[in-house]
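Same chain, two partners: chain A is paired with chain B first, then with chain C.
On to the complex of A and B.
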């Protein structure tokens, strides 16, 4: 009996400015393989389907448990983490491509540093007085914690941006994940105190008003974060703040 | 003038130190292979220990201290462990203030759950992604200092080696940009290595792909003592996988999960049977050995495979989702089965290194100016780490090194000669030029698989001296074959293979003190178990293994353990600790 195999059609690109091309690899099939373990298999034997020895495919991956966000790729046209895409869910040859909204470093590795810059712009942190011992934090009701926790699991993986029609390499829109983080900060009793600073960032260029309401973000979020809830809440709050600023002047 | 510090590694320990140093007005250069938010700390699931005693159980930092020392089988120096346990409640409060969404009691207070090796509800948790939540809070605080210009991040850079002056002081590092492969020397007053564990030395483990131990190995090869390397924790409950062994957190048992297998056609809850006092919440080394015994000696693995059940199907799914959804989702995603309905199939996997770089009580290594914190130091867990103590020790280590680092910076202000940086840079460039020339028949990733397989087989749960010797011989063979590796990728841009070849060498170097440390230790203590020497031997082995690198292999010496605070006593979990 012929050995069962899995074919991966991988979009490759040697440098940020070189032409991309597709290359196919055939890997012995194991039901518990996932895209990352198959890429690791290619590293052990980097021979393409034409039998040619090639440079192993370059990719980013770290935790392999879908909590770090590193291995985000486009698999059969859908953005997701590669580690949790099992071989037994592929049903035939699979196309693996780098995310399209971020600059390619090489092969499947993209540069998402822009997302971290956005977190800086949005001042997405709780400005504590200091790290010395100041006793317990504020009380938080269990239902508030449960709700906020949904947003605190955002891995900055960029799926929401890949799927967003408003986000691309030349637009200023910061996208859903950072809005989710601003919303998360507004749920915390201390974070609430500085909400205005973050709303300013959300009202500036690339802020919440640039959302086109396509709602793709919430569809593709691997952690099922209710991003559209955050977008509409922050949208409302920026409107209120805009009116307030108008009358306070 | 503020001191200038290098931190290598952006997990909990590294980010804590960065935050503390920046708060004191110091300048920090932070190096990390991955964006710091993707560090391995995100994988920690269950929680962080601190005797806050909000459950009216009479818990206290002293009981936490005793549990930790007892759980570690009396191999950890006691004063720093005591200091850590005393600091724990304030650490949890700090993270609470920084916005970590810890689970709450109905009154809105921090909720705590039970973990292995204790009778108290002492573990604060944020769902089952506590490490991720703590890391994100630190990431946010450090970003605040980055925005203020006090922290410079070098993400996508890997440390290659230390730069030392004529007197052996650490004066900075040489690092490489993993994209452009540009190498640079970075001077600093002090350097903190916080690069986590050496999971990849074991091939597949519960650790992330960056956990090669390569930076630690570079420090060891530069003269930094590697201590207690033989103490490697094998976590009892992990999913088997082609690429890694995915952790199924101890919190699953903390919330009522039970371990069992079939015996005579009926479920046998063997941990509850063997250890009635602690049941499913015995420490990890105990649970791991019990599973090994049931599977290999008694041949009672599920369907004849090396697997047993971890079962939560009897628990309320709503409560499970509130407290451990993150773990159950991982199992569901990677196995396709819903653990709320069907028992999980698990087996032990390499998880954590108790050993690491030797540090003093201020986290300084024996190389002046070089500090270490987090999993890569050896200080806090003795022969076995208790669950939910790792997040604590990472943060505590990162917390306390700050003063010693600032003092060292003040007292070593004289500039180092430019020559030492040029020399080290030249040495590293030559080493990479040589790797680029490699054209032998061996594949680096295949050699790595062999390394992982033999280390997993012989240097984990059960250890025999003849097999340890054979393993060391195999390591020498693999080092020899390393030189016959052929590069498939000759590219000068984002070449991951060339970086891996170098990491692999460092893994092979580090595997030796781990293996030979185990060979030397003829006793059983904590995670280190030799059937030929089944008892703990305090007279001969209550001491720290200290390995110093030499070109002929590790040279060993031993340091007495400071047991001045709690008198060593036999460690048993079949009866209550207070009765033992």
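On to the complex of A and C.
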């Protein structure tokens, strides 16, 4: 009996501006292979299906346990982490492509730095001590901690943006992940002290009002973050801020 | 410093920052779809449902809408301006959409909302111009015979059925997304409940809407 194999059809691109093309590789099938380990297998012996020796496929991967987000790719048309996609879940040849919403650096490696720009724009952090020790912040109730924890699991992988019909080059929408982080910061009593400036970013073009409510973000989020809850809750907070500004300023 | 103040001055004069202005335009789009446009559609269905009791009854009961005080102003501020704003800004928003094939119910609803928005825009344009538009241009009222002849024409009837269903879908799904946008239905359970209720409302309004259209086919 012939050895069982797995075919990977990989979308490749030499440089950020060159034309992408597809190349097929065939490697021995192992049921507990995942896409990353298969890519490592290809890297070990970068010979394509036509028997030609080619440049190894470039990809990002780090933790290999779906907590870092580095290996996020589009596998058979659906965005996810490559490390958690096992071979025995593929059922036939698999198409592996880089995410489409981020600039390709090379092959499957994309530049997700705009996600970090969004976090900076929304000031999605909690200012701690400045020139002197500010002391401990207010206590947080355990149920608030637990709820906030859901949002702290975000690994800025980009799945929510890849699946979002409103996040694209024609729109300035920043997407769900940053809104989730703004909501996380608003749960925290110290973070709440800077809520207004984050809401300013949320009310600007690209903020929460640009959401189209397709809710793909919450469906594809590998960390099951309640992103749509964050979007609606921040929507409510912006309404309150606007009314407050209207009557109090 | 002075330069920064000069830049900031118009924003302060307008009572808000440039950021809030973008938010406000989006929120006005969301609100205008419900009040007054959605509210009007409910009323429009209600008044025209009198046709189920006969053409004469319909003409009598809808009499007051043809004799409103400040008719033009009421029509402009309750209908034309909000509808034009909602439609034009809606098309601007739709131009930024890139629907995809992720197989989730809400994603289909998202795509459908944009398709029905465009259909509703075309239909409302045709509907208003061929009724009120003709009236203002020539003085010919959209009376029972005129509407009856419209509904007897298979092409116009099809346009009315498709247009009415598009309007009803766009409104009922819009009520759902309105509750998300404004932070009324925040959690997934609440959103699912509202979504189901809005689908039920769509079915009811679709039945009522098509019944009204078909009722106009009865001879005068």
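Basically, the second predicted complex is superposed on the first by the 240 of 249 C-alpha atoms of A that agree within 3 Å, B and C clash if a C-alpha of one lies under 4 Å from a C-alpha of the other, contacts with A are read in each partner's own complex, and residues count from 1 in each chain.
Definition applied: contacts are C-beta pairs under 8 Å (C-beta built on N, C-alpha and C of every residue); 3 or more make two chains touch, one makes a residue touch a chain.
It should be emphasised that the depicted structure is a prediction, and the values quoted were computed from it without experimental measurement.
Aligning the two structures on chain A places chain B and chain C next to each other without any clash. In the superposition on chain A, contact of A:213 is made with chain C only, not with chain B. Considering which of chain B and chain C touches more of chain A, the answer is B. Touch criterion met: A:120 reaches chain B, while chain C stays clear of it. Measuring from the middle, so to speak, at the Cα centre of chain A, the directions to chain B and chain C differ by 160 degrees in steps of 10. Contacts of A:36 after superposition: chain B is touched, whereas chain C is not reached. In the superposed model, A:248 lies in contact with neither chain B nor chain C. For the three-chain overlay built from the shared chain A, the minimum Cα spacing from chain B to chain C equals 19 Å.
Contacts of chain A with chain B, set against its contacts with chain C after fitting on chain A, share not one residue.
Residues 15-20, 22-24, 26-27, 93, 95-102, 104, 106-107, 109-111, 177, 180-188, 191 of chain C are the ones touching chain A in the complex.
Looking at the complex, you find that chain A touches chain B at residues 14-15, 30, 32-34, 36-37, 40-41, 43-46, 53-56, 58, 60-70, 83-84, 86, 88, 105-106, 109, 112-113, 116, 119-120, 123-128, 130-131, 133-142, 145-146, 148-149, 152-153, 155-156, 184-185, 188, 190-191.
Those residues of chain A that touch chain C in the complex are listed here as 77-78, 163, 165-166, 168, 170-171, 173, 200-201, 203-205, 207, 209-216, 218-220, 226, 228-229, 231-239, 242, 245-246, 249. Residue ranges on chain B touching chain A, taken from their complex, read 19-20, 23, 34-35, 37-40, 42-43, 90, 93-94, 96-110, 126-127, 129, 132-133, 136-137, 140-141, 143-144, 146-147, 155, 179, 208-210, 240-244, 246-247, 322, 326, 330, 333-334, 336, 443, 445-446, 449, 488-491, 493-497.
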